[in-house]
Amino acid sequence: MADPLALYRWLVVCRELDRALCLENPRWFPIEGEEATVVGSFVDLRPNDAAAPHYRDPYVVYLMRGAEMWRLAAQVLGKAAGYNKGRSVPFNGPVELGIVPWVAGDLGTTIGTATGAALAFHYERSDRVCVCTFGDGTANRGDVHEALSLAACWQLPIVYVCQNNGWAISQSASDYLPAGVAARAAGYGMPGECVDGNDVEAVRASVQRAIERARAGDGPTLIEARTWRWRGHWAGDDQAYRLQPEPQGLEDPLDWYAYRLLERGAARSDTLQRVHAEVSEEVAQALARARATPDAGAAELGLDDVYG
Amino acid sequence: MSQTEAVIDAIAGEMRRDERVFYIGQDVGRMGGSLQGTHGLFAEFGPWRIREAPIAESAMVGAAIGAALFGQRPIVEISFGEFLPAAMNQLVNQAPNLRYMSGGVARVPVVVRTRVGDGPYGGHPQDYSAWFAHVPGLKVVMPGTPADARGLMLSALRDDNPVLFIDPMALAHAPRGEVDCDGEATPIGQARLARAGHDVTLVTIGSMVPLSLRAAEQLASLEGIEVEVIDSRSIQPLDTACVLESVRRTGRLVTVHEAWVTGGLGAEVTARIAEECPQALRAPVVRVGTAPVPTPSGKVRPHALPSFDRIIAAVRRVVASS
Amino acid sequence: MADPLALYRWLVVCRELDRALCLENPRWFPIEGEEATVVGSFVDLRPNDAAAPHYRDPYVVYLMRGAEMWRLAAQVLGKAAGYNKGRSVPFNGPVELGIVPWVAGDLGTTIGTATGAALAFHYERSDRVCVCTFGDGTANRGDVHEALSLAACWQLPIVYVCQNNGWAISQSASDYLPAGVAARAAGYGMPGECVDGNDVEAVRASVQRAIERARAGDGPTLIEARTWRWRGHWAGDDQAYRLQPEPQGLEDPLDWYAYRLLERGAARSDTLQRVHAEVSEEVAQALARARATPDAGAAELGLDDVYG
Amino acid sequence: MSQTEAVIDAIAGEMRRDERVFYIGQDVGRMGGSLQGTHGLFAEFGPWRIREAPIAESAMVGAAIGAALFGQRPIVEISFGEFLPAAMNQLVNQAPNLRYMSGGVARVPVVVRTRVGDGPYGGHPQDYSAWFAHVPGLKVVMPGTPADARGLMLSALRDDNPVLFIDPMALAHAPRGEVDCDGEATPIGQARLARAGHDVTLVTIGSMVPLSLRAAEQLASLEGIEVEVIDSRSIQPLDTACVLESVRRTGRLVTVHEAWVTGGLGAEVTARIAEECPQALRAPVVRVGTAPVPTPSGKVRPHALPSFDRIIAAVRRVVASS
């Protein structure tokens, strides 16, 4: 269980690391603006649960599970020291930490795998659970439907969180989601909920309730966390397609949580500033360490790593 | 035992031995499965381990992969090979990539069982097995005898890689054959010399194994042509050494499978010969497979499928042309 | 527009032909008990609309479109005179009559094709529509989700009717449909309705409303028609798996409609009996004619019919 | 023109000429498509004819097939070949079967456009093209020059059968080449003699065409080896006559494509030689393709892909071994 300051720290890690990675690699998919949804969805998992984050900068989730930041940075830089040995898409995560990995780039497919993690836990009659996030665009893939159906039929211990950031590359969600994603829950006979995805406490509370249901054997839940993609689809995206103005009153999930902590007297502003400074330093060091390592190359081709 | 009984024997044995093995499929419970392919399993193991799935093939395979990644050893049945395309993203973008893309860490001990070809049921005959050999990271087997049906299923279940296990429907219930229920597993990737011969090498698999053997017997007794029949058993990995050795002796190659010819197993076997010892070929290779039409139903089907007569004709041709 | 007697006649055609076909071919998938859903869904289509019926004995739909009964019977007997030249699954229908055909046996796939028929009509800005039925088991296929999403996004003129007969081969719908199918409509922002699938007038009224919406450019509808599979999955199925008793008060859709006609004075019982007799005779003749034709064989292999 | 510009030119031309042609894809509107593959089309034709689709590849392809069946001539774009598996049931159980199974009645004039391989974008490189040649009923083309990109797209759009049109990403923006915008369509199923030579026949396709030509030039100038380069252009139907004629002259065959070797185009080309004239082969065939690993990313990728050096080495080997 993360205390308020630890929670804030994860939000900051999410943002600072992402910003740094965007500068390193214009093809990185930035998470800025969506930190509360990511952090709130995964921060309460136990180490032996499974985490299946959406592809958009999921590194904070990997870090929560114990991944080393410099090795993740190495993935973005295409270094041999990446957990993926430089082979896969960089947003892949280390499977040895209970992460459902990204071993290809087709959206929707990992939701089946995540559902299988929940099946493993269900089958062994443990109280382990899986949290699985996916995009609002991804929600239209057939695999999402099939996975939700299967999880509902078998009452699997999984929490599906749709990270609705309003966009799928250049398309606006208003064009491909005539109704909200949470409205789909009823069709599977599972609880559905729509939360403010910029409010880390709201996301966390909703996910916690769903996790409890899952641990108790009461099956899956579908949560829709409404947030916003602040930046382009990829870091270098000029977004010439964005014609509509930003929605009014968009919250910055970090500021929002910082204000709350200050209001409640749960933290002082210099403490928060120190968190930013520490994290910046940590990110800089991780990047420096990653940069100093060799690029992935012929040695990582790995003809012997295909079959085990 | 029939091939189906032999497969079930292997599965039941492993399920008794290993709690992590369980079964996902449609109508695999009380009904006993398509072509009675899971007969008796539900009665012994119950609904927790013999799991009825909704009609959601991609989720079934995806869930099996995920469960394998998290410590179980599931079998997932796609009732008929015609439905593999519905789970194709899981089968080719996910299962075979997991180990390699995780830096060699992930283990994915999942068996995907399906059935292909013509047979007593007659429906859904499409045989797409060749596709899965194209993609590195999967193993693909197709037994041609009851003994191998049991032996290959045992190997598949004990393998830490995703294995596509394909029942040829034509052999589901007959011919029956001796099966040693305490016998060893059949190693994946080793072809079987089904019949020795010195005139022609015939490489075959699945439903075409007994048919090819019958053709070989007739050719030997009526025409004095001795055909060496190699049951490939595995499509990926492919046992090339065995075929090479044989073709070096016979100088003639015929390939026979129920799938289409273009881009099929026969193409790959032939290409490997042409890579290793083209000069050994004393006659043009002949490939036998389903005619280049979408596999038809009913009474049209026999005219599209490889047959006893077409095998005989193919062998005669390679003998005549050298 | 079918008058009451014509409507009754279609119900009878559906049942009598099906019974005869079951006797001819134990692998035929019988429709008995579900006639009202099939007839009610398709009877109000115009000739230039598209019909995409579920695979379970869809012949009455093909007949409504103008197919010849003996040629359909020929398909079940594997004769060369079938529209499919004996090549495909017998439940295939003639594409030249605006039918979305069954050219393979994988469930769910044809729903995409049906949605494409609606796309063609939408694209040409006509008021043509498509009616597409599918099973309750099929409803869990990813393709159904994707097709409904696409139709909702583009507001395509299509009516989806889930023919919920309570079964998918040996599985009971209670195991794979935790909620009704109509409950899924809200998730796509489309109207959803659940009707008594044994009441041909109810099905018809609901589908007519949906067709009108579609013609008017108001997009797709999802209707769930609740009916019951009286017989086995295939004609020869011994159904050893059916442990539950039949639901109480199951209506026979033919009797039910006959009673209504009689009550209202819309038909006399001898008229109804004559319909049965005429249809039986028609079916017998069609079968006899089909039987007398040659089996499909080498001449139908059709190496030249693969590409056009 | 670049290949991408040439494809767009063909599409725009047909859209002007024929109202029934329209385009379905993701991000193909204002953004101009992945790799700018639809640049300018939205501005000219607007949202009715350049349709943004949800992330629902199976529905996209299914809807295009249905629209084709009901009188339109749609193009459906699957942004990257890696996503074809998500639409596999439509692509192989539906599109290629419609005509045959309807007794030769149905027409399915649909073009499925996708992109494969390494390239300026770098993502989603999987090349599954070989699968689609295995299944009767589809046509499969992959251009290797801007002129063929335009010409093959024109043919695809005018064909009454489902055509899978595959852009090799490596050639998306360069090299540029002359394109006659009033030129004829390139017939589907005719290979192109890209370079005449008498020592070795090299059959290639897509991204490997310019690379193979470069290798051939160097081999000619530095080593005096004259390589005949055949650009297959079409995977299904496959132009065998052209290859046979060449191999009969050169006695040596090298195949080069970006897809994996096992079960790839090279296997089928080689098998057809072995079926027709194995005795013409004076040296073992060499097949060049991606190494047998799931196609890796970034800096590992060049070590898996076929390269200039590997092509040179392959040619040297067939020359040395005869």
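Note that the chains are named A, B, C and D in the order they appear, and that numbering of residues resets to 1 at the start of each chain.
We adopt the following convention: a contact is a pair of C-beta atoms (placed from the backbone, for glycine too) under 8 Å apart; a residue touches a chain by one contact, two chains touch by 3 or more.
It should be emphasised that the depicted structure is a prediction, and the values quoted were computed from it without experimental measurement.
The chain with its Cα centroid farthest from the Cα centroid of chain C is A.
Chain pairs B-C and A-B differ in how many C-beta pairs they share in contact, with the greater number at A-B. The distance from the centre of chain A to the centre of chain C, each centre being the mean of the chain's C-alpha atoms, comes to 44 Å. Averaged C-alpha coordinates give centres for chain B and chain D that are 30 Å from one another.
We define each chain's centre as the mean of its Cα atoms; on that basis chain B and chain C are separated by 36 Å.
Averaging C-alpha coordinates per chain places the centre of chain A 40 Å away from that of chain B.
Residue numbers of chain B whose C-beta contacts span two or more other chains: 54, 56-59, 82-83, 85-86, 89, 93, 96-97, 100-101, 126, 136-137, 292-294, 296.
Those residues of chain C in touch with two or more other chains are numbered 85, 87-88, 103-104, 106, 108-109, 140-143, 145-146, 149-150, 153, 175-176, 302, 305-306.
A complete topology is adopted by the chain contact network, contact being made between every pair of chains. Residue ranges of chain C in contact with chain B, taken from their complex: 27, 78, 85-90, 103-109, 137-138, 140-143, 168-171, 175-176, 240-241, 243, 295-298, 300-303, 305-306.
Across the interface of their complex, chain C is touched by residues 140-146, 149-150, 152-153, 175-176, 178-179, 181, 183-190 of chain A.
The touching residues of chain A, counted against chain B in their complex, run 50, 82-85, 87-88, 92, 94-96, 98, 100-101, 103-104, 106, 108-121, 123-124, 142-143, 145-147, 149-150, 153-154, 302, 304-308.
Those residues of chain D whose C-beta lies close enough to touch chain A in the complex are 26-27, 29-31, 52, 54-59, 80, 82-83, 85-86, 122-124, 126, 291-294, 296-300, 303-304.
The residues of chain B lying in touch with chain A in their complex are 22, 48, 51, 53-54, 56-72, 74, 89-90, 93-94, 96-107, 136-137, 139, 160-161.
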